[in-house]
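Heads up, the next two complexes both have chain A, just with different partners, chain B and then chain C.
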Partner chain A sequence: MMWKKGAKYGAVFRISLSQQFAYFYDFLIRTLFLILILFVFSRLWITAYTSGGTALIEGYTLEKMMWYLMVTESIYMAFPALVDRIEKDVKNGEIAYFLNRPISYIGFQYGQYLSEAVFRVAINLCVGSVLIYFMAGGIPIPNLLGFIPLVFLALTLQYVTVMAVCLSSFWVEDIRGFHLVYSRLLMIIGGMMVPLEIFPEWLQHIARILPFQSIIYLPASFFVGAHTEPLATMLIEQGLWLVFFTLILLGIYRLGVKRLNVNGG
Partner chain B sequence: MIEVNSLFKTFKVKQKEPGLYGSLYSLFRPKYQEKEAVSSLSFTIEQGEMVAFLGPNGAGKSTTIKMLTGILHPSGGEARVLGYIPWRERKQLSYRIGTVFGQKSQLWYHLPPSDTFELMARIYELKRGDYLQRRKKLIERFEIEPYLHTPVRKLSLGERMRCEIIAALLHRPEIIFLDEPTIGLDVVVKVKIREMIKELNREEGVSVFLTSHDAGDVEDLCKRAIVINHGRIILDQAVRDMKRNYLRYKVINVKLGKMPNTLSMAGLKILKQKERGLKLEIDTKMASIEEVLQSLIAENTVEDITIEDPSMEQVISYIYAGAGVSG
Partner chain C sequence: MSTVAKTIRFITGYWRVNWQGAMEFRASFWTQMITMLINNGVWIAFWGIFFNRFPVVKGWEFTDVLLLWGITAGAFGWLHILFGNVGRVAYLIANGQIDSYLTMPKNILLHMLISRMSFSAWGDVLFAWLLFFIAIPFRIDHLLIYIMAQMLGGVLMGAVILAGQSLAFWIGNSEGLSFQIANAMITFTTYPIDIFQGFTRLLLFTLLPAGFISIMPIALFRGLHLSFLVMLISVTILFAASSVFIFYRGLRRYESGNMITLKM
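And then the complex of A and B:
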């Protein structure tokens, strides 16, 4: 009856997707913000390229850089706000009400997260592409069969790591500090602000062995064709991080539930 | 159906000395105190019974419900619900029980209730045909057809609560745990919901385990009440007896046209008086409400009047004080 179990989470995905349409204005503001951010950063890059009088920065042309930026911003701004939701569930004990239902809390949240993230990333990429096409032109034609799984794994990896941070609120009073550090690392050494190639050699080396680049840099560099590794290697790298963090997440969840079982939250 | 034997639960509560020094000290050497939430609880509930589980805040009601539904592990003792040990066989049990927590919604706020029902059907792995049939029946019984496709946020609290109950009943649970199902509802809706629960119990034999602060819920729905306080059962008796002994008091709030004449009648007690406003308590064993009202109207001009049941807290305090037991 595996398909029935899977169907539960599929149903959570669907219902959550329908709920997205209720947040139309929220979604509109987010999209306007994306346009603003992309516009400002694109102008910065245009200035950097023209004032430096260079056509290439670390192998990136201006167009490539702008398309890279579009993908990183589209992915980063598609992440649903898990922290508030999960912290609330843990702190006021709502997580307990999931324990006597035949559905897993982590799976339920994943279904909901994924629907929001996929919906937003699709819109962000479409809107971003139109904007960058008008500002820079030269649309790269990425291999979608490679790009889609890279984005899917990136979103899933983001869920698993952030969820692990969020569930530490079983023990930690305020997880916002942790989350802030995590999201800043994602921005900087994950490659959201600039491609990893721009960093000094030693920092690049560190960034490449950490998980953050799997979430942002890998899909974006693949989109613009700046990746140095074959697609399969990138997917395996994401997959291994995913397995690693899933094990950590399940461990934290199990300990948290044990604590809940004993202390009542 | 539910068997509980010497069930107890203790929590460790962190203790802290006052002040900055205390905060620092507790950071490095935390001190804990054991707090007994439920102590040696024993009772049995048969199939089809409707039992009220009562007690003031902090009495151990939620802790008990959480243990019976498998969320909390007890510190000792035994419990079996439908033959399962709840905290060990939580998932299996979840397919056969339903829970409605009055202050915790299962419905998706921006979507119509029909979408939540659809999700529930998937979560509980219901067969399509069975689900549709069951849904139709519950929609008819709870009369929610007119707003089945209206987003939950546009529904009134009463309409929402009916939908909550349907969501908890779709998978045909054998026991339903209702935690404050009528909280915040107006009288008409409360009565309607109670009728529906009664009908369900009569027709399907669903057992009901109810906690409520509303004496009306208890009187109307349940044949038996278990009262707990400080984690111990202080009363386990038929509601009929309990009513005779403790729910016989009514509270009348009345606003008179002018300062009242003397009000004295056997079984009538003035709880509070503020100018023309009066709060009276009637012992219905000694004076009927009708008599009191007649005498009030005959001797005064009545501007406003309400009649209330004593709160569950009052009932429990009567039980504690032994009030009404002898007189």
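And then the complex of A and C:
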């Protein structure tokens, strides 16, 4: 029974994944932006390390820093844009069509989201690795058996939190403001732009108790071998946040659907 | 009434109506403005962390980057408040929405650019002025240079964005590419120019003239370099004229979308 349930969401994943190959132009444009950002960041950090005459900052060599930023950017830029899609579904009542279908709205969206995110993160990591190899050299050999589950949980946690923000459009007219604030917190406190170790002490403490670092910092620091906690602890941390936000998401969805009014047919 | 006076009346009339339109959606206006402030604030937080670790990078200090962000945000802000369609030209071309401007007895490009106002751009302008008062001591010469830098920066930025958007006349649906050209211009203007060397630096002072904006905190505020100012004004005029030329050359290739719309 559980297998059958999983199979239909697997089918959504597969169909959506095959669609990714059809939008080559969009993919190319997005990749150009990744290259641009990585290039600019690389120049900034190369200048900082060389002009400061420092070889090591909080355990990060220049190469390590560049590879860290490559992973954070690759993950961050792989997140599909859920806001427009979900807000539209809630506002025009499309979400109501799912109530009598044998597939959950949240599960359906997750299948689609995951296929897009996995496809993008794989491409981003490949393109980013080539660029950083030529700019900084020194490929880290990550433990893929640890890195892949960390990225998978990070993408899933991102989905659950963003979906909770998006579904607040049951009550709030314009959710873009909330989403922007969330994504900016992810950028700064999540460790996308600099590793948490570089933060001032007080900010580091705050960042480490918030969920944002589980999405960006943990996979990236593991990739470059800069993590201080064992893999199991990191996975448990991500898992606990995932359970917490999934409960919030389901609560919001149930309350929202209760107050759904659909006019017309 | 002279043609100049008529044009000024036309432009100010549009801006007034755009402002009234913004005030019709006050909640949305304020939300977008505040979120833009937060968005820009995150970048300042990043630079704060960065300069906390590296106080001086190739002669650049935190206050220089604050000024840089102020100039760029201000330039982007006024450009998108007064000429809000500048970043949507490719979309309008690809969707055949230029038709309605073609039939009116006004300058097509000007009319198209001023017929929209970006709400969030007000957040950029407010942010720019907050940074001005934070970054440097208030002096009249600083104020005048800051205003001039924002104005020239806005024209230069607008020229590059318009030229990139006009690619749609030749390659059809160029929204993604045009967006990335604008993105590249804005991205490069928000980093200290001295981190770029060699070919990239050459590119930033020629084809993608972001370097003329990102060098401003050094070349205008650490003693006004007149030779730089003359070059900046010349380059701005050159790029503005070229982008207008590119737009009108492209317009010859424009094919109507047969779209019937009613503009109120």
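Throughout what follows, the second predicted complex is superposed on the first by the 260 of 265 C-alpha atoms of A that agree within 3 Å, B and C clash if a C-alpha of one lies under 4 Å from a C-alpha of the other, contacts with A are read in each partner's own complex, and residues count from 1 in each chain.
The definition used in the following text is that a contact is a pair of C-beta atoms (placed from the backbone, for glycine too) under 8 Å apart; a residue touches a chain by one contact, two chains touch by 3 or more.
Everything quoted here is computed from the prediction, not taken from an experiment.
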First (chain B), second (chain C), both or neither touched by A:G177: second
Which of chain B and chain C A:A122 touches, first, second, both or neither: neither
Greater chain A contact set [chain C / chain B]: C
Partner chain(s) touched by A:P200 [first = chain B, second = chain C, both, neither]: second
Partner chain in contact with A:L247 - chain B first, chain C second, else both or neither: neither
Contacts of A:I148 with chain B and chain C, given as first, second, both or neither: neither
Touching partner for A:D26 - first (chain B), second (chain C), both, neither: second
Partner chain(s) touched by A:I236 [first = chain B, second = chain C, both, neither]: neither
Touching partner for A:V40 - first (chain B), second (chain C), both, neither: second
Chain B-facing residues of chain A, complex: 1, 4, 7-8, 10-12, 15, 18-19, 22-23, 94, 96-97, 99-103, 260-264
Touching residues (chain side chain C, partner chain A) in the complex: 27-28, 31-32, 34-35, 38-39, 42, 45-46, 49-50, 52-54, 56-58, 176-177, 179-180, 183-184, 187-188, 191, 194-196, 200
Complex contacts: residues of chain A adjacent to chain C: 25-26, 29, 32-33, 36-37, 39-40, 43-44, 46-48, 51-52, 57, 173-174, 176-177, 180-181, 184-185, 187-188, 193-194, 198-200, 203
Chain A contact footprint on chain B (complex, rising order): 11-12, 37, 63, 66, 69-73, 87, 90-91, 93-95, 97, 99, 101, 104, 108-111, 115-116, 118-119, 122-125, 151
